[in-house]
Every structure is written in structure tokens, then in C-alpha cells.
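Beneath this line is the structure, given in C-alpha cells, with notes to follow.
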Amino acid sequence: MSASVDVKTLVIDGVDVSARQDQTVLDVARENNIFIPTLCHLEGLSEVGACRLCLVEIKGSPKLFPACVLKVEEGMEVITHSERLLHYRQTILELLFAERNHVCAVCVANGNCELQTIAQSQRLTHVRLPYRNPKLPVDLSHERFAADHNRCILCTRCVRVCAEIEGAHVWDVMGRGIDSMVITDLNDPWGSSSCTRCGKCVQVCPTGALFDKSKVGVSHPKSPEFLPYLNLMREEQ
Amino acid sequence: MAVYQIPPLPSEDKRWRIVNGTMRRHGYSRNALIETLHTVQSSFGFLDRDSIQFVAQSLRVPLSQAYGVVTFYHFFSMKPPGRHTCTICTGTACYIKGAEKVVAAAEKHLHIKTGETTPDGNISLMTVRCVGACSCAPVALMDGDQVGQIQAAQVIKQLQGWAPHE
Amino acid sequence: MNSEELQQIAEAVRLEHEKYDYEINVCMGAGCLAQHSDKFKDALAKEVESSGKRCHVRSAGCLGLCAAGPLALVDPIEVRYGHLRESDAKEVIASLGGKPVERLEMHLENYFQGQQHVVLENCGRIDPEKIEEYISRGGYEALLKALTEMDPQGVIDQIAKSGLRGRGGGGYPTGLKWGTVAKAVGSPKYVICNGDEGDPGAFMDRSVLEGDPQRVIEGMVIAAYAVGATKGYIYVRAEYPLAVSRFSASLREARRHGFLGANICGTPLLFDIEIRLGAGAFVCGEETALIASIEGKRGTPRTRPPYPAVSGLWNCPTLINNVETFANVAPILRNGAEWFAGMGTAHSKGTKVFALTGKITNTGLVEIPMGMPLREIIFSIGGGVPDGHKFKAVQTGGPSGGCLPEEHLDLNISYDALIGAGSMMGSGGMIVMDDTSCMVNVARFFVEFCMTESCGKCIPCRAGTAQMFGLLSKICNGEASHQDLDLLIDLCDVVKNTSLCGLGQTAPNPVLSTLRYFRDEYLEHIDHHRCPAGVCACNARTPKAELAEVTV
Amino acid sequence: MSKTRLATAWLDGCSGCHMSFLDMDERLIELSGAFDLVYSPLVDFKTFPEAVDITLVEGAVSTTDDVEKIHLIRARTRLLVAMGDCAVTGNVPAMRNAFGPDAVLRRAYFENADLQQQTPLVVVPKLLDKVRPVHEYVSVDLYLPGCPPSAATFHAVLTELLANRMPDVASLTRFGA
């Protein structure tokens, strides 16, 4: 990195903070221990700005901005928590819970699920929207892992980690709209796909959609922390 | 670095050469995926596993990405079409002029839902989001020929005309 | 190609035309072709031959009133015929020099009075497949003028001064966009013409591409010169096969005449255009989704900034304008920015093409100066609502727009006025509804459209539109409560404010506008389980009735 | 001050919430001075009484019987608490929604039955097409997610409710807790 990086100062939730010009509001907020909920964002992967949970207000604009892709600007005044944002975040979480069959009580990720944790952090105690209860497959064909589409929130972390980090691009999204689904290869069973069995997708999956079969019935924490480190190692090489 | 080999044509079928021609014209560039899929569909009538795999591997596009593209665009079909196709426009102008009733009548007559083909493979019933002939609403494409100001009875009559003669 | 050569071509066409006393323009638009206008044209040509009359029969572009097709326009006597059959050819030719054929003639004084044709000036009057005919009507003069008399910044200044705003719906100032791309760092630069007219109920772009394709090419080349682009793409819906084939042929013609390729018009300008086919995805009208689609990927939008002007196709600076926007470029340079700015309102200049359809007497393409009251378009040009029915609403802006009631008919058409009333300009669909339409059902229709067209990338649009559709269906079926209505209104707010792209951000508009103007219809469905227009199958179901039908 | 009239009810659930409620153990005795238990599957009242202050409802609405019960409960209760994930979200009972009730009955009474394969038609109430959380039928005043909510959660919530305060549920429990 060149020595002459511009430094910007801005205000987040009333706190003066400084940032490098190439940083996002989310980066700076996290550096300063300001919690902004995210699901599709994961340090080490490209940003898609799709989960809309990190939307923040900027003073002077009626629009909301996703903090994960919002670059800092001099003098910017960011509000990360307000009644309005809380309501939007809760509703987005409700939409996620009602979209597929997230039965926390019998989910392999219960207690280690980012969706579940964020729902609690956003004070969500029930879902006003009718549950859609779609009939979705569970793919158990892989020797080590399994994919339960009932729990998938289409954050596409698996797609990105497989394409960007592992370089295999086995995962992608098929269909569109409410019928979208993550697939391996030509919608083949995971077990007979070109999967390299590296398991990165399982580690980055925020819910119980992708899991290690050996962890069924025991606690199944995910460890996506390897990503930034892995990227650093690559840059060094 | 290993030189990438374009996979051999899946069969002797001459249509594969047309498909290959499209890819060659675009220098086997990855961004020719959609153009090539159009060629496959216009040559074969639909896309199947083999054709998607052939195109994806020829253009060095990941299989899942190619499958994602095929299923994203509604113009692409992964089912072989019937001998005849009745496509009813469900754009706004057609909706206002009662296209829904025509669709319902056709579904009832053929005992299939839109997007399906009769079990004997004779007739496919489709809907389309606006063919841009809104002045003539409601509009249907009967085997590709545009018919304007359609009424249910008229469409049924045409469908009856397509019924196989024993 | 220089201006002398251009004049020679125009002169040759004029000389050719002087041989004739009459010219009959037979519409070869998709609408008329479907009604066999080609057979009529052949019959006409045969008849001319045998009659020995000095008459030229031309394959022309869209004449506007597709419902009355096949259509023909007789020049110079300005007689319009409709509903033509092969057998009518003899009579039409025989009448030349005498009285027009009464039984076929259409009397459309009101329809044309008040219209002002800029974009459509050639539509129906030239053979779209003959570049010479386009040139004979002033075609490519603007390009030559730009290349020989103006520098790129001068072109941008003219476009900016004209006040032209994007005709695809958003209304972004065109000059400003061009200026941004021109200043953007990076090469190559691209020019993209958005012909993905996905708005159901609109066919302006289709008619321009089929009826006057060279005009769009000229606009794109001028844009390329202005912003410094070397490569262009036009993205056309695969549902428009005729437009695709006409445009392909026109590209070849333009290349042959040196308007595309290297050294355009003898200058160092290098630019060429490639066609890319859409594949049935409304969301590809959104510029970042369209770019993804040209790159051969799923047409999912991405967050902006960066805007395509800075980082677009293959991360290079990219100018994206819609067909109608490009079609306005040549006339502006030809006639001057002041001429264009002289039409329209303070902030909406020029003309706008609308596809007038639905429950209206004269359905078809109309081009009117901005600022015209809706009432004039619907009741004067459009001839009002037929069959003794009562006007109820006019829908503009497609699935992103809204429905305006009677009391807003005196609104003057402009970008800002329409937004103020809860609708939007959109690409130009204008659908008239009468008392046989249920506004809740209309809202449900549009939400269903957005639901099936949602790309699925962001959750508010993906699941939000599906939930909105469910709630609207419940209302239509007469099964909803006031709580459901409140939930629907809340969802509209969330989807509008949190969706990633324009599709989701505007998807609630049809619901919000119908709620604003036709709330009583919603309440009628909820409180009394009945549909005032008799469209919805309200079966007055109560929770009790639901229990009774449960079986094991 | 008169004691709070408390009730608990059991729709389609596993009774785990009631078990967790009982897990309050000696704390239950401590709380019991403040309420009268006027109806509960834990005791032997036959009908749901009038003028109940607080009712904790366990379970989702999945039969015609549940629908009648929940409407009756709502009509006679001042503060209705959806207790546990089944009441709040539909949870495990709602997993049949993707398959439909027929598939469930076929599995239970035919495929897994060795003798007398038949669908029971009397005594057992009819299954609804879809299993729904309580708030889709009646308004709910407080949601207590968890499968089951822990005894500590129950204690904290009841302590607040009995003191006429609304508890801060989100800090105590979550879906699947």
C-alpha cells in the first residue's frame, strides 16, 4: 500500500472516527466496535450488498445505503441505529424466516446460527408474515457434507468462496426470484459433482444450510475466520 | 500452461456445427454464453444437460454458472416443446382486455397448466410477458404467428384444429 | 462518406420519387405483418403494374394504429386506409386520381391533431431497410455535422442544452450522463443502447427499431464520438424477432456506407455496434443487470456506485441510453438544441412517445409534446373509452408506475408531475382502464409481474414481492382482514426503501397508488367480501367456511 | 389485591414448554403466592373459565379443535402469551405443511400400523390443511420464543407479568433456545 493514503474523518452514531479513503463504512464501524448486522458480507469475500441488513442512514439523504459497499467520505454523518432501521431490519429478518423452513429447534446450526443470533440482536420475537413452507430438498449425497435447502438464505457466501477462494466455482444460483436455489454443477447431487471436498462452503455458511454430517447431533460451530488470513498469505506469495 | 482443448461435438448432428459457429464467431469468449444458448435453442428447440455442458466446456464457463444462466432467463426452455405451441401474451394491455380468461379456457381445454405440454407431446401452452403488440390486445402466438384481438372460443378452435387426426 | 456524397444519395432518392404521382406506404410492422400486410403489398404492386399508374408501393414502418391493421398511407394526399385485405388492392389503385375509397378510409383528424412527431418523423414514411430513404429525409446529416463542425464537448453541450432526459423511465439528464462518461478515465469505452423494452404494455422501442432503425444507429455513433467510445452494443428482446432482423440488416447497410467501422465518414472515428439478444428477463432493463447480461451472466443488478458511466461493461466506462433517447439525438443536432428545448415544459423538454392501449378507442403509438394534459391524450387523441363505459384510471410507468384517477386527468405530462401524483413516466406505456377493471386486481397483476421478474438477489424484493402477492390475493379472494391490509402497507414501505435495485424499489408503486386513489375498492373486498367491478372471485369466505372444507 | 388468574393451555406441541414451566421448581412455589392457576393441562379443570388475566398457550394451531380452543381462550383472556416456538412460529408441527395432512395420516395410520390400518374419524379432531402459529388466528400480546423457553426465562417473564410489567423477552430467549 502506498504511503500517501488519504485519511477521512466522519461521524458514526455521533462518534468521530477516522478512516482510510478506501474503507467502507462497515469496516470503520466494526473497527470502532459499532455493531451493524450483516449476513451476506464476510471478510475475505467480495461484496454483493444483497441481504440489506447493513443499510444505514446518511444525514441529508432520504435514501438508505448498504454499509458493506458504502465508501467513507469526508464529513459524512452515518446513523447505524434508529427506530426506522430497526423496523426495516426486523422485517427483512421476518421475510427470511418466512421464506423457507427455518425450524431452529431441530436445526443442526441451532446455537451457532448467524440468522438466529441476528434475529435476537434485532429483538425479533415473532414473524408477522405468513410462513410460506415450501417443499425443498435435502442433499445428502456428499460423503462428508450435506445441503439442506430449507435453511438456505441465498447469501451466496458458498458461491463466492468456491469461485473466489477455492477457484472451483462448483456452486452457483439457479432459477430466479423466490424460486432461486444454490446448486452444484448442472444441478447435480453434491456428492457426484466436481466438488473438491475442501469444505470452505460449509465453514462460511451462516446457517444450517451447509453442514458437516459428522456434526449432526453435536454442536456445529462454523469457522470462517480463515478467510482474511488466507487472502493475506496469497498477497504475500 | 496447458492448452485448452475445445471438447468434440457431441454427435454427428449437423446442428452442433451451427452452435460451434456461433462460438467461433465470438472467439470462444465466455461472454458469448447467452448468444450460444440462443443458437442451441433455435437449432434444437430446447436446451438439455448435454448441450449446456458442451457449451459451458467449450467456452470455459463453470457448469453451475451456465446452468444458473439457463434457468435465470425465461426464454430458455429445458423441456422439448410440443409439435404445436400456443403462446398467450399476458402483458398489461392483454390483461386489461381479458387475456386471463383465454389462458384459463386453454388450460381447461388441454387439461394442462401453462408452461406444460400435453402428454402426447402435441401442444405446448405458454405465456409471455408482452410481445409488444399491445394495440391488438389480447394477443396470442399460434405456432409463432401473431393473432390479435383473440377470444377464448377462437383459440379453442385453433387448438382443436391441431388435435391429432385419427 | 462526406456531405456531397450524402446529398447525392438524397438527390437520387428524390429523383426516383419524382417519377411517381403517388406513394403508398404499407405498414410492415409486426402488428400489420401478422395481419398479412405483405400479401396486400404484393397485390398492390401487381395492381400498379397492370394499371400503369405512376405509383410507388413501399414497405414502411409502423403507422401507429396497429389495431386497425393492415394499414397504408397514401402520399402526398395523406389518406390513411385500414383493415386492408388483398382483395382491396384493385379498388385502392383504381381510386388514385379520384376520390379515396370511402369504405376503407380512416378519419383520424383528432388522432393526429396535437401529436408532434420527432422520434416517429420517419416511421411509416420510409422503407426501414433502405438506408437511402433515411438519408433522403435528412439522415446522417447530424452525424456529419458533429464530426466535421463540432468537437466532442460541443456535442455534449448541445445535448445538455436541449434538456433531453433519459426516455427509459428514470429521466436522468442525458447531457450530464454523456459528460460523465466522456470524463471517466479508462478505455475502451462502450455505448449501449437499451432496447430491452420489458415493460408489459409498451412497444415504442419496438416500433422505432422496426420502422426507423438508422435513426438509432446515428444517435449511437454521435454518442460514441461525444464520449470517446469504440464499441457499441444494442440489447434487444428476443421476443422482437422482426426488430432484431431489421436492425441487423441496418447495421450492415450502415457499415457499407461507412457510418460504422473504421474511419467513419472519412474521420479517425472508429466505432461498431453488435446486437445482443435478451432472453426474457424484465430486470435486464436495469442498467447494471443489462451489463451483466451482455457479459453472458445472470442478469442480476449490482449496487451502485460505481455507476456504469465510471465502471460498466467489463469494468470500463459505459454509456447506457434507451432507444428513444438515442432516436432524439440526431434531430437535436440537426435542428439545434433551442428547437428541442422549445418543446415541452420547464424541466421536461421535447416530445414523448406513448403506447396508448387498453380500454381506449384509438389504440396505438402517439408522440406528443411534453406538457400535454393527460385528458387530451386520452379523450382527444385516444378518442376516449369505447362501448359506453366510464373511464376509471390510466396506468403509466408499467410495473414501476401507478394508476391515476379521473381527478388527475388535467395533469400535464412531465417527469416530475407524474412522480408527484404517485406514478412515473416510465418508458411510455399508457394503459387506460374503465369501470370493468378492479384496481385491487390490477395491483395484484403488477405485483405478480414483479414477483416473477425479481432476480432473487436481495431479500426484500425476492420474498417481499411474494408476500405482497399473497396478501393481495387474500384481499382479492375476500379473505383478508384489516390487519392484512396494514401488513401490506408496511411491506410496501420496506420493499420500496430497502431493495437493491429499481425493480424492487418501485414494485410497491402500483399498490401504493391504487391504495391512494381507490382505497374504497380495497375496503369493499375486505369488509363486504365483494369485488365492485366483478372481476375478483370473492367467495365471501369466513374462517368458519375454511374449517368446513378441511378434510382428512 | 386479588391474585392474578393464570391459565396455561396446550394445543399442538410436545408439552415440553409445560415441562420447562415446571422446571422452575421451588421458584414456582415462590411465585404461586401471586396467582391462582385457573386452567391448565397440569391440573384437572374441565372448561376454560371466564375472566382470565394471563394465559400461556403452548403449541401451534393444527386441528379444528385447536381453532375453537384458541378463539375461546382469546375471548376469555386479558393477556395472551404465545409460549414456545410452536405457538410463536409453528415450529416442528408446521414441518408437515410442505407435505399436507394426508401424507402425515397415511404415514402414521397405514405405513406404520401393523393392525387395523384406518384413519380415525371419531374422537380425534380433524387436521387442518396447514399448521399455523397462534397469532395467525387471534391477536397475541406477548411472544415467548424458545424450544422450550428455559425455566429461568419463565421465571423472569412471570415475575414481570405478575407485577404488571411487560418483560424484555428479546434479552431472555430466542427462536430455538
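Chains: A, B, C and D, in written order; residue numbering restarts at 1 for each.
One rule holds for everything that comes next: contacts are C-beta pairs under 8 Å (C-beta built on N, C-alpha and C of every residue); 3 or more make two chains touch, one makes a residue touch a chain.
Just so it is clear, the structure is predicted and the values come from calculations on it, not from any experiment.
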Worksheet item: What is the shortest path, in steps, from chain B to chain C when you may only step between chains that touch?
Response: 1
Discussion item. So, comparing C-alpha centroids, which chain is the farthest one from chain B?
Written reply: D
Response to the item:
Distance between the CA centroids of chain A and chain B (whole Å) is 35
Worksheet item: Roughly how far is chain C from chain D, going centre to centre by Cα mean, in whole Å?
Response: 57
Practice prompt. Would you kindly tell me how far, in whole Å, the mean C-alpha position of chain D lies from that of chain A?
Written response: 34
Response to the item:
Between the Cα centroids of chain A and chain C the separation in whole angstrom comes to 39
Worksheet item: Residues of chain A that touch two or more other chains: which are they?
Response: 128, 130, 173, 175-176
Discussion item. Two-or-more-chain contact residues of chain B, please, as numbers and ranges.
Written reply: 65, 68, 72
Worksheet item: What parts of chain D, by residue number, touch at least two of the other chains?
Response: none
Worksheet item: Taking the complex as given, what residues does chain A use to touch chain D?
Response: 97, 101-107, 110-111, 113, 116-117, 119-120, 123-128, 130-131, 133-136
Worksheet entry | Touching residues on chain D, where the partner in the complex is chain A | 82, 85, 88-92, 94-95, 97-99, 130, 132-133, 135-136, 140, 143-145, 147, 169-170, 174-176
Discussion item. Help me check something: in the complex, which residues belonging to chain C touch chain B?
Written reply: 30-31, 33-35, 65-67, 69, 197-203, 206, 237-240, 276-282, 293-300, 355, 357-359, 363-365, 395, 398, 429, 431, 433, 437, 442, 445-446, 449, 453, 455
Worksheet item: Considering the complex alone, what residue numbers of chain C touch chain A?
Response: 281, 298, 302-303, 305, 451-460, 462-467, 470, 487, 490-491, 494, 497-500
Discussion item. Quick check on the complex: what are the chain A residues that touch chain C?
Written reply: 47-52, 55, 64, 66, 69, 71, 87-88, 91-92, 95-96, 98-99, 128-130, 132, 153-154, 173, 175-180
